[in-house]
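Below is one structure, written out as structure tokens, with a few remarks after it.
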Amino acid sequence: MRTTPSLRGRGIAAARAVAIGGAAALLASACLDGGSSGATDRVEIRWFVGMGAGSDAPTIPAQEKIVEEFNASQDDIELVLEIVDADQAPNILSTQIATGDGPDIVGPMGIRGRSTFPGAWLDLTPYIEENDYDLTDFDPALVDFYRIEEEGQIGLPFAVFPSFMYVNLDLFDEAGLPYPPQEYGAPYVDADGTERPWDIETMTDLAKRLTVDADGNDATSPDFDPANIVQFGFGNVFADIRAQSTLFGSGSFVDAEGNAQIPEHWAEAQQWYYDGMWTAHFIPNGPYGDSDMLNAGSWFESGNLAMGNTHLWYATCCMAGFEGTWDTAAVPSYDGTTTAKLHADTFSILGDTEHPDEAFQVLTHLIGDAAEELTTTYGGMPARISLQDGYFDRVGAANFEGQDINWDTAVDGMSYVDNPSHEGGMPNFLEAEAVIAEYATRFAQEEGLDIPAELEALKADLQVVFDAA
Amino acid sequence: MTTQPTEAAVRRKRRNLLFSACTTLGALLLAAIFLMPLGYGAATALKDKDGVSDPNAALLPVSALTYEYEGEELDIFAVPMPDGQTRELALVEPGRESSVFVDPENPGSGTIEWEGRWRTLDPVTGLDPQWGNFSEAWNTIDFVRLMGWTLMYALTTMLFTVVSSAVVAYGFARFRFPGRGVLFGLLMATILLPPAVTLVPKYAVFLQMGWVGTYLPLIVPQLFANAFNVFLLRQYFLTIPRELEEAARIDGAGPIRTFLRVIVPQALPALTAVSLFHFFYAWNDFFEPLLYLAGNRAIVPIGVGLSYFSGVYNSEPHLILAAAILALALPVVIFLVAQRVFIRGIVVTGVDK
Amino acid sequence: MSDFTDALLTARRGRRSGRPASPMARREARWGYAFISPWIIGFVLFWAVPIGASLVFSMLDFQLTDPDATTFAGGSNWERALSDPDTWTALAATFRFTVLFLPLSLVVALGLALLLNSRYLKFTGLFRLLFFAPSMIPLVAGILIWQQVLNPQTGWVNRLIGLSGIDATGAEGIRWFDNPVLVLFAFSFIGLWGIGNSMIINLAGLQGIPTQLYEAAAIDGAGWWRRLRSITLPLLSPVMFYNLVIGSVLILQYFVVPWVLFGATGRPAGASKFLLVHFYQEAFVFGNMGYGAALAWFIFIVVAVFTGLLFGTARHWVHYGTERS
């Protein structure tokens, strides 16, 4: 322990600066309670985004603009936008709810959000009646979709996001392959005119020929080098295990008694995906999927994926800056059944809100006057019938000027939606999802797994979590 | 003793010079490896999105050269021609085994059919730093707000902890009282206690008080001194000659006055060092802000803000790196300016934070 | 540093026989208590009471989302903590990383300090600055930078390794964040960036060793290695003990790096599910506060046992020379 006398003089000036800084900070700490500016007597309504569409970087400015315009349009409500990363959103929202500091409006929120927080939402029925809110512009079936037994009308329909195949036409051209069919039920026609049913098997063959290594060999070639793949044939973009498996048909990990189950066709789907990643190499595995070559998960946008299966929202979240040419295609069938999974988003009000009337006013604005702009931003098909006309023209004009994209495929896919939903509820939802994610990590990252055994283990783990509920 | 340098002395001198050169060079190499990620971060932060995602991209922020042909942006490749020379051609129509190119120098002469696999060709690139990434990151992460809250947090807690720790340290340094040894040992032991063990009840209480979602749970405990700081300051106070205090006491000053008039001015170097330690610690703090501010994203400090940002923008690594570099700029600059005080401070107090 | 360990060691035997107190002494004691009272209050409020409360919490079935339904759970949270496979995964992960990083960081910090203290090194001020600078980089920023540097396809580390002929890039290359062993090295690289403080402490210790000792040894013909072993290391051992204790306390509570990189997923293969990550997920993500409290106590016991063992070994290798006051 030594002291250096020369330091003492030098320290004084620094210490004085420190003291001044500290005093300034003390002043700043007067408004410690976190930015609640008491200047206006407007009611603050917090709008939480992240449980569905809307947390992707390119959609943020449009949402900020809606908030700005709303705040400028009236003097009673101060709308505050909170956008969080979709991965973190359930954690953040659950903390907020637990601390009694929840937002007022949550949305757009998928079915998954509803499953995560059962019972947290305000029954809108009295507000609809009180305000004489006109529901005739919605499909009554869609309104009822958000009417939950014992919870009431927990949301109003906002947008639907059908899924379809995104096809990179340049990569098909490069390989000299004809494009997949855009009509459900239509066959795939080979380069030599042979017709094949548009099913998983045909799609697998195409995908292998569209998977290419750095030397230009495709995945069917004996020279193909799986260590240096530069382009993949197929991938289910931003999809968890339940979403992926739904390509083979809808299902659920929960059986009628509330016990864990692995549907048989989901087991087949898992085996197919696993082989596609690790032996046939036409689906990006974890290491490739996380790499920059495939845009760290946003695979199709990278231009290095020939066919991607995902929802309508992907077009606006991620495809606006795409440099190549792309189009839609039908989802291939499995075992004679076609399933095009559906995302449906709503706006809901948290049951704990202190200002339900103002929140309802904002909600009706978001699904009313702002719906046209918001659905275009999020890429959802508007639930309002009056907005569906010309919707795809607007999306096309806003994001894909000069491109000829066949949106009918998206609309037609709505006849093949998944029921039960791949985002449906599970007992002890967050922990059940964590267990599934753990399996999914091994599935995507480790070679040489015995998938049937892994699924057995998953079922046992899920049973434990379900039992604890 | 003045003699001609003997042969041995010359040899020793030469040997020392050689050792010096080798050691310094080795240290330089080591420092280069140690700081390499910073260079990578800077280079990548200046790349465009394509430059980041291309596995064969160059190390520096280059972009593939393109050529506009019939309304389309075409990439330019170095193409080995059958006659043995390599030409820089724009790829019009890629194909598996043969592709169509055009010569940007002479587009009028029509397209060129080339046999071979275009994927094996090298793209032609040019240096093209994207300075705009920084302003984009600055705006999207709302850097001014993050910085404001971080500074508020760091400076407020710095003031609180330094003042309270100095008071406590003086108590331990200069006053004899029963149980002093045991209490000081207890204080030291809190350094070794994992904070996790107190977290659940503290969180539950702060939750009840409505403090979760505000800075209060992070700031208020700093009013009650911190073991590290107390230890450092006490060590320093012990080195201050007692005569100074005795002189003040003879002048009739009480312990508080003595502390303020004699000890504090004498201990400024240590107080400064402790302040700086705390400032950097608070700047870095992640766990507690993550826990207590969860859900109030508008006021998180920079570390938590960065981690949220990297979640939303995870497919844009160049922006993440630009934001990371912005976040490290201020502390590194402060450190460079104050480094003498800082490093001496560690030596003075003998221990780091 | 030696004073630090001294304080801890003497606290155990720092019991003095009661003396009759003079009025002067009583007045001094009153002032002493007054001055340390902020810490006493803080200790009771933020340490003593919460630690006790934590023990009570660990016996409750307390859900953050439903606090009204709290019931007494007896030892069931403790049973669960001990039978939860994740607890043992977390303990194993924590110890694997400790075994790797703790010695590594001690050796590198010592090595750099020796280098900076070398009389052959020119520009010592500059080098001290260069090796210390990364410690000033906010941890999250450092993590994000390293995450890209270690990126298997485009990161510089794999490209550098690739220069030596090993096929490091690409999917079959070195995947730092996907391999349960390599990821510990990735954590170590990130950790070594924060080594500046222990380096400086070592340096301060080295500069405190009287040069006469080396001169005497040189006259005896002792080489560099002999001098290191018989002078430097023994005299530096209190400093190294301090670094060891603080390092292990910090490493047993490793959280920020795995959390920023992987959340609570434990990727890859449970290698990043450290004790504190497991605790945070259960208590604050799933809201199982009662179970979380039991896990916190578990961590407390692990840290106490580990540091206890370290202090137990201290007398065998930590040399307290004449400087003990």
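A few remarks follow.
Note that the chains are named A, B and C in the order they appear, and that numbering of residues resets to 1 at the start of each chain.
Basically, contacts are C-beta pairs under 8 Å (C-beta built on N, C-alpha and C of every residue); 3 or more make two chains touch, one makes a residue touch a chain.
From a predicted model like this one, the values you see are computed outputs, not experimental measurements.
Ranked by how close its mean Cα position lies to the mean of all protein Cα atoms, the top chain is B. In terms of C-beta pairs in contact, B-C outnumbers the other of B-C and A-B.
Farthest chain from chain B, judged by C-alpha centroids: A. Note on chain placement: the centre of chain A and the centre of chain C lie 39 Å apart, centres being C-alpha means. Per-chain CA centroids place chain B at a distance of 19 Å from chain C.
Distance from the chain A centre to the chain B centre is 33 Å, each centre being the mean of its Cα atoms.
Under the contact definition stated at the top, the residues of chain B that touch 2 or more other chains are 52-55, 235, 294, 317, 347, 350.
Residue positions 1-2, 87, 91, 95, 98, 291-293 of chain A each touch two or more of the other chains. The set of chain C residues touching two or more other chains comprises 3, 151, 153-154, 170, 284.
Those residues of chain B that touch chain A in the complex are listed here as 52-55, 73, 93-97, 117-120, 140, 148, 151-152, 154-156, 158-159, 162, 207, 210, 212-216, 219, 235-236, 239, 265-266, 268-269, 271-273, 275, 294-299, 308, 311-317, 338, 340-341, 344, 347-348, 350. Those residues of chain B lying in contact with chain C across their complex are 16, 19-20, 22-24, 26-27, 30-31, 34-41, 44, 52-55, 57, 59, 164, 167-168, 170-172, 174-178, 180-204, 221, 223-225, 230-231, 235, 255, 259, 280, 283-284, 286-287, 290-291, 294, 302-304, 306-307, 310, 317, 320-321, 323-325, 327-328, 331-332, 335-336, 339, 343, 346-347, 350-353. Those residues of chain C whose C-beta lies close enough to touch chain B in the complex are 1, 3-4, 7-8, 10-12, 14-16, 18, 25, 28-36, 38-43, 45-47, 49-51, 53-54, 57, 62, 115, 118, 120-123, 127-134, 136-142, 144-146, 148-149, 151, 153-156, 159, 169-170, 192-193, 197-198, 200-201, 204, 207, 242, 245-246, 249, 252-253, 255-256, 259-260, 276, 279-280, 283-284, 289, 292-293, 295-297, 299-300, 303-304, 307. Chain C meets chain A in the complex at residues 3, 64-65, 151-154, 167, 170-173, 175, 178, 208, 263-269, 281, 284-287. Considering their complex, residues 1-4, 7-8, 10-12, 14-15, 18-19, 21-26, 28-29, 32-35, 55-57, 60, 82-85, 87-88, 91-93, 95-96, 98-101, 170, 173-176, 212, 214-216, 218, 230, 291-298, 301-302, 323 of chain A touch chain B.
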